[in-house]
Structures are given as C-alpha cells and as structure tokens.
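There are two complexes below, and they share chain A, which is joined by chain B in the first and by chain C in the second.
Showing the complex of A and B:
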C-alpha cells in the first residue's frame, strides 16, 4: 500500500545574503518525492511597508488598487544525486498585494496568514534512488528590510511511501 | 579541492548524475582586479581545483568565497549560470576542470 507522507526540515537565516547548504535524508521506504512546499516565519526584524498606502502603512486608508512589488525573501534549489540533478528551484515571496481590491480592508486588513495564501505545493515526481537531497538556500531579504532580521524557513517534501499492510492491521 | 581529490571524486560525481562517459578539459581563467566573468554551463560541470582567495564564485549549486562569513559551506562543483568576481586588487588565476558529458547511444 502506498501512502503520502511528509518530510519536514527547517533552518534559521540570521545573516544578510546568507547561503545555507544542507542535506535532507529521505527514509528508505520512500519511492517518490511528489511535492515541494515552503514556509516562512519572520521572527526578528520589520519588513518595509509601502509608503503610498496599504497594509499597516499608517497613512489614511484608501481603496487598495495599486499594485505593489512583492518582496523576495530568498531562493531555494534542490538537487538530487541522481540523473534528475537539480529538480526544483523556487522563491519565497512575501505577497504585498493580498489586500488588493478588498473594500473591507480598512477594518480587517488581510494578511497572508489570515487568507491561507502562503502555502502552495509544487507537484513534482522524483524517483528516490539516492537518499540524500542537497538544498541550497540564498537569502535575498536584505533588499526589503532594514536592520537585522531573523527568520525560519520550513521545507516540506511530500513523499510517496510504500507501507506494509500487515503492520497496519496490528 | 586539490587535483588528487578531484581525480578520485569526479568519476563518482559523474556516475551519480548518469554520465558514464565524459570529457575533461582543464580551464584557467584570468580575472583582472574587480572583473566579473560569466560562464553559462547548463549541461556541463565546472570543478574548482584551487583554494583561491579574493574570488567569489556563484552558481546554481552554491557559492565559493573564502572571505564571506555568510557562506556556511564552500562549493567546488558549479553548474548553470556561473559568475566569477575578483574581489582583490591584483589579477587572479582560477583553475577549473571542465566536465563535458558525452551523448550516449541507447
């Protein structure tokens, strides 16, 4: 029987332009990696807000119809030591247009975490012949933030695992 | 990475990625002070075989810069969009082994 499972890894970024290289080991029973998802949690530092209005700008509220540039926190690449080589490249983006066109945002300013638009799984299919996945993360948040900062990046790997049915019966 | 390690390591590295046969070419780039060179190597690999100071190399597989404290691990294998910059005030030589996979007839 095949079941979907999740392999989770997290790491802390606390230096500007930090390059973090690490390896995630995949359990032996895993047959395929079927999806990649990224999470972001800022623990220290304040992200610059758009002075022209919008979320938490402090100026008088107006209907948010202007498109603001989103901030790229960093980019992640995943490499498998097999024929697939580099199989995933993605950016962590902080959405600055979550309130776009929202007439109720004066009283209830929408945030990414209130509207569940943070997570988005990227579907892939990678056969796991080698049990190590090399991860290369580059921080790019220093362009959109002042002073020091610290954040946690979570990497979620959806895997397809072969499980023994007899064990499940017990 | 020294040449001795590279010679032992390269066949394992290439076999992992499914390249049983490949060509090896020694390459030596000269970078003037402050100069940046770009290599586009999406199907090939460049293995750095020197411990060069004052140079920063960035590619899809990682970064190499001995003077940058933000880099946790130095990367000697490079692929993709490779950018080399001489951060010093004198010219530098950067030596690579260029690995070119051969086409396989299946």
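Showing the complex of A and C:
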C-alpha cells in the first residue's frame, strides 16, 4: 500500500545574502516525491511595515489599490541527482498586498492570518531513483528588514511511500 | 447510513516556547475522518508561532514541526472547502493525539491563547 508521508527539514539563516547548500536524504521506501511546501519563522529582526494607509497610520483611509512590492525572504531550488536535475524553484514571499482592493479594510484590516487563501503544496512528481536531494537556498531578506535578523526555513517534501499495512477504508 | 458531523477539540496554550500534548477521544460511532482544520482565538499567534504533530489511531499523519498555518484557511476561502482533506481516514481506536509546539516569532508577542482542532467526520447515526 502507498501512503503520503512528509519529510521535513529545517535550517537557520542568520546572515544577509547567505547561501546555504545542503542535502536532504529521502527514506528508502519512498517511490515518488509528490509535493513541496515552504515555511518561514522569523526569530530575530523587524520587518518593515507599510508606510501609509489603514487604521492608526495617521493618514486618511482610502481603498488600497496601489500594488506594493511583497518582500522576498529568499529562494530555494531543489536538485535531483537523477535525470530530472533541477525540479523545483520557489520563493518565500511575505505578502504585502493582502488588503488590495478591499473596501472593508478601513474597519477590518486584512492580515495574512485572516484573509490568506488556502495553502496547498506545489504538486510535482519525481521518481526517487536517488536518495539524495540537493537544496540551494539564497537569502534575500536584507532588502525588507532593518538591522540584523535570523529566521528558520522549513522545507516540506510530500512523498509517496510504500508501506505494508492493511487497507485503511473499504 | 453515514451522517456528516463536525467535532471541535481545544488546547489551551498558557506558556511561550513550550510543547502541549493532548489526546482526544472520538465518539465510538464515528466511522470516517474526512478532514481537519486548526483555528484559534488569536489567529496571528497560531499562524506565526505554531507547529504541531498529528496522530490518529497511533499513526502519524503530520510530523513534528509541521506549521499550523498550513492548516488554516482565511475568511475568503469558501466554508465548504476550508478543511484540509484527509483521504477518508479510519479512526480505529478513536484517539487523536496533538503535540502542539509554541515558538517565538519576531512578528508576534505571546499571550495565552486557545488552539482549536476541528474534525470533519462521518458518523453512523444508528448504533
């Protein structure tokens, strides 16, 4: 029987423009990698806030229609040692446009934790002939933050694993 | 006949940077778990600080360090699609174990909060 399982790896970034290259080992029973997700946990540092608009900013509120640049914390690439080679490239983005076009945002300012859309993994299908995946992470947060910072990046690899078990449901 | 039912279980997070483990027991007439969802009375703390492990019937479905924000749905997601789908999990002994870990994040300040687990289940309505 095949079951979806997760392989989680995390690493710390504490220097501006840091590049981290490491390898994630995939368990032997894994047949395919079927999805990738990324997580971000800021442990030190303060992210720059939007300069104007919304409650408490001191300026008159107006419907947010201007697109603000989102902050890119970094980009991750995954490389397989088999034929697929580079099979994933993704960015960790801190969304600054969650309130865009929201006419109710004067009284209920949208935040990522209230108005985020549903999260789901990026679907891929990679046959695991090689047990190692190379990860290359490049930090880019220094543009959107003041002073020093430190954060944890989590990499979630959804895998399809062969398991000897009875069937779950009829 | 199977009837859809939603179950809610709460964990109180009373201290920062600590782990809270709780095991909940489902009703005996629950036959299938179809999905799960995490919410909180302080959404920002759950979103930025939370990670958890989820075990159903002694089987690990989500390992340690799986971020809570990946289970959350915003208010702009249609209510009918807010649950994280599980492929019709058999509840077995009915035990759902949650190990929740709170961890400092630069974008939030700790205050005690509640983490709620919602399960989308189907139950046998005639025993």
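Here, the second predicted complex is superposed on the first by the 152 of 170 C-alpha atoms of A that agree within 3 Å, B and C clash if a C-alpha of one lies under 4 Å from a C-alpha of the other, contacts with A are read in each partner's own complex, and residues count from 1 in each chain.
Operating definition for what follows: a contact is a pair of C-beta atoms (placed from the backbone, for glycine too) under 8 Å apart; a residue touches a chain by one contact, two chains touch by 3 or more.
It should be emphasised that the depicted structure is a prediction, and the values quoted were computed from it without experimental measurement.
A.B. asks: Would you sort A:43 into first (chain B), second (chain C), both or neither based on which partner it touches?
C.D. replies: A:43 sits against chain C, while chain B stays out of touch.
A.B. asks: More residues of chain A are touched by which partner: chain B or chain C?
C.D. replies: C
A.B. asks: Could you say whether A:8 touches chain B, chain C, both of them, or neither, answering first, second, both or neither?
C.D. replies: A:8 contacts chain C only, not chain B.
A.B. asks: If you lay the two complexes on top of each other, which residues of chain A touch chain B in one and chain C in the other?
C.D. replies: None.
A.B. asks: Can you name the residues of chain B that touch chain A in the complex?
C.D. replies: 16-18, 60-63, 69-73, 75, 79-80
A.B. asks: Where on chain A is chain B touching in the complex?
C.D. replies: Result: residues 15-22, 77, 79, 81-83, 85-86, 89, 130, 136, 138-139 of chain A touch chain B.
A.B. asks: Under the definition above, what is the set of chain A residues touching chain C in their complex?
C.D. replies: So the residues of chain A touching chain C come out as 4, 6, 8, 10, 37, 39, 41-47, 111-119, 149, 151, 154, 156, 168-169.
A.B. asks: Given the complex with chain A, which residues does chain C contribute to the contact?
C.D. replies: Chain C reaches chain A through residues 32, 43-44, 46-48, 62-67, 69-70, 72-77, 81-82, 87-90, 103-107.
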